[in-house]
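Read through the structure below, which is laid out as structure tokens, and then see the notes.
Each chain gets a letter, A, B, C, D, E and F, in the order it is written, and its residues are counted from 1.
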Amino acid sequence: MKPARIATVTPVSEESAVGKVVAVYADIKATKKIDFVPNIWRVLATNPDHLELTWTRLKAIMHPEAAGRTSKLDPLMREAIALAVSATNGCAYCVNSHTAALRKLGFDAEAVGEVLAVAALFNSTNALADGYQIEPDVLPPLDG
Amino acid sequence: MKPARIATVTPVSEESAVGKVVAVYADIKATKKIDFVPNIWRVLATNPDHLELTWTRLKAIMHPEAAGRTSKLDPLMREAIALAVSATNGCAYCVNSHTAALRKLGFDAEAVGEVLAVAALFNSTNALADGYQIEPDVLPPLDG
Amino acid sequence: MKPARIATVTPVSEESAVGKVVAVYADIKATKKIDFVPNIWRVLATNPDHLELTWTRLKAIMHPEAAGRTSKLDPLMREAIALAVSATNGCAYCVNSHTAALRKLGFDAEAVGEVLAVAALFNSTNALADGYQIEPDVLPPLDG
Amino acid sequence: MKPARIATVTPVSEESAVGKVVAVYADIKATKKIDFVPNIWRVLATNPDHLELTWTRLKAIMHPEAAGRTSKLDPLMREAIALAVSATNGCAYCVNSHTAALRKLGFDAEAVGEVLAVAALFNSTNALADGYQIEPDVLPPLDG
Amino acid sequence: MKPARIATVTPVSEESAVGKVVAVYADIKATKKIDFVPNIWRVLATNPDHLELTWTRLKAIMHPEAAGRTSKLDPLMREAIALAVSATNGCAYCVNSHTAALRKLGFDAEAVGEVLAVAALFNSTNALADGYQIEPDVLPPLDG
Amino acid sequence: MKPARIATVTPVSEESAVGKVVAVYADIKATKKIDFVPNIWRVLATNPDHLELTWTRLKAIMHPEAAGRTSKLDPLMREAIALAVSATNGCAYCVNSHTAALRKLGFDAEAVGEVLAVAALFNSTNALADGYQIEPDVLPPLDG
């Protein structure tokens, strides 16, 4: 049976995965503790190298402990940034996915609203600072 | 003496401020605990109503306690979102200002790098999800 | 019968076209070697001057030989750029249309994936270069 | 003498212009009633076809009467839109140029501030509507 | 009955509104002279403070007379800017809403086309000016 | 001596590099066949993990042969996409860097102009398709 239309290319189902795609799919499910492969990974699998590169990087940045490293950001802050960037870019898939992640981590609708309030505020002031071409303030240097 | 060029309009110096601009300038300095008025506010003061509207909103969202409300986000998360949005939009003034704010709150260059790593990652996956027109995953509904 | 909703304005069908719209529709079908007028042109036809201006420009840039000029880019490169820009801006209509064009020119899903991998990579590094406000490298001058 | 660095390519000075560039430069100065060729046109002239295509389109849209057509927008509205879009995209050259055009048409700093206030407001609500993935309201249909 | 899916959070219906949400909903309907609360406000109401902040600002900028202030822009110019910004950001909700507002104010499809023609033109020249990194023209200073 | 200001953080010079930064710097110079480390890598080195992740990915996508893989895109097409995306996002560092790369690969100013003409065209039509909320054309399905 042909998979339902979810993208401009036909996604690679878990059953039809071969080669490095199999290992990446398994790692995604284990790392994220979920029992399905989200659409974005099944679509990226149409170019297996790119799937692997994207997953390796997302794992290292968003699941640092699973990638054997440490991060100074906690999961809530990372997902809040993810939602703010996705709202700024207007990405439907990403907004849905990162709102769900924030909810899983305990944020209720009001807290999601605070994240979007901050994102919206700075989309606004970014347009003002750029729209007036305002020069940066002269501040004491930051070291390191 | 004419102020140095910092924008497409001539900023309103603290000395020449009149009317509601005086009160907003004072509130900015008191709320942010700084002894100067940053460029963006001096530029916005060329339209006093807009200065007041922008400041009122920024104060409520970024300094909730000073505005008599509570927020479920802490200052670090708010500034991290601010930097991520400003990096996404490429706003020079804002990137400088929010990097400085994160440094003041204790983030070193490595931690700033983690914020930008997350922002960069999702600028990348946003382009992929949109570039393939990937449909959102069907997830269990979130309530509230 | 009222046309199906495809936009915020009612598109101009081929049957109801008059004046310069008729000629532009005919030129679009002849130049693109297709037997229908894509939605974007039928929508733009609600302002006939703008239809003509947009088509004239697109024809000159994307179909240079038909416009009596030469281009140093080949059709694949032009469509790859079109998809990359459309992915960056998150434009659903455009992503669908340029993916189809790349497929017609012989790109399979893996090659489309390489185009999007490059686009995604630079959406990422753009956010980093802007997010750190990195100055351009000092390089030897380029002439011409 | 080598022209000062104003772009990634060497602009075409009025003295060194040949072929169709000469005619476009003359038309720009006559249409805009200015006695110099702005940087953007001198840079575009490094690809004469593209210079001509861009100018022809800008002239038709921004100087409709000079292009023998009529527009339902007046010059102030057109320049206000131009500044709002340029602020949204953060384009330094364009913000400077369209602020100057608005000032020439009689807008003072306060009125420029209103234009940017509207632009900033909708950069904010765009991020909110996209950040929540809000569906359009069901409204009575618009005809024509 | 559960409301239909219109966003990533469950909107607050007029019947279930409490506290400051009630007053904001009433003010929205009175100020906009409509008999329903548009989706964006019902979604923002999941964070009542943010609803109030966003509405207060939108009212002051888009309905200045109702907010007891004057603006140098007329309603048509404000809505034209709103549509141009929303088209630039690709916001579906906002494009629908501001096209409807322009139609209510008397713009037909051809006039809406002129607004989008200007917006599209400057999205194009913004990419050119930034893509060549063109320096601003040296113009006589603007005062005030 | 303190390095010149080139970013919001102090870049890591080649002399002061330690640990994995040393190896990445060496690989950058060998892979790109250059004798200096460009600013972006020296800035990213303030977070060594992120430096390594970003370089690994850029190497795999932009220098596939050096990463032991093959790509269906040639270097010119990859750099053209890079410039088009960077122009769309208005990234100064990136525009300079990718224009230089295209020039090294043999593109003259006229050919760079064609790349930017295509990028500008689709920034324009993206705004139109989004500004009218145009639905994708119904096309025959693409397989694979």
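Methods note: a contact is a pair of C-beta atoms (placed from the backbone, for glycine too) under 8 Å apart; a residue touches a chain by one contact, two chains touch by 3 or more.
Fair warning: this is a prediction, and the values are worked out from it, not measured in the lab.
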{"item": "Pair joined by the larger number of C-beta contacts - C-F, E-F", "value": "C-F"}
{"item": "Taking each chain's C-alpha mean as its centre, the one farthest from chain B", "value": "C"}
{"item": "Separation of mean Cα positions, chain D and chain B [Å, integer]", "value": "27"}
{"item": "For chain A paired with chain D, centre-to-centre distance based on mean C-alpha positions, whole Å", "value": "35"}
{"item": "Gap in Å, rounded to a whole number, between the CA centres of chain E and chain B", "value": "20"}
{"item": "Sequence positions of chain F contacting 2 or more other chains", "value": "8-10, 44, 46, 50, 53-54, 57, 61, 84, 86, 88-92, 95-96, 99, 109-110, 114, 116-117, 119-121, 123-128, 130, 132-133, 142, 144"}
{"item": "Category of the chain touch graph - line, ring, star, complete, other", "value": "complete"}
{"item": "For the chain B and chain D complex, residues of the former touching the latter", "value": "8-10, 44, 46-47, 50, 53-54, 89-91"}
{"item": "In the complex, chain D residues that touch chain E", "value": "5-9, 36, 38-40, 43-44, 54, 57-58, 61-62, 71-73, 76-78, 80-82, 84-86, 88-89, 91-94, 96-100, 103, 107-111, 114-115, 117-119, 121-130, 132-137, 139, 142, 144"}
{"item": "Contact footprint of chain F on chain E as seen in their complex", "value": "83-84, 86-92, 95-96, 116, 119-121, 123-128, 130-133"}
{"item": "Partner chain D, residues of chain F touching it in the complex", "value": "90, 95-96, 99, 109-110, 112-114, 116-117, 120"}
{"item": "In the complex with chain A, residue positions of chain F that touch it", "value": "8-10, 46, 49-50, 53, 56-57, 60-61, 69, 142-144"}
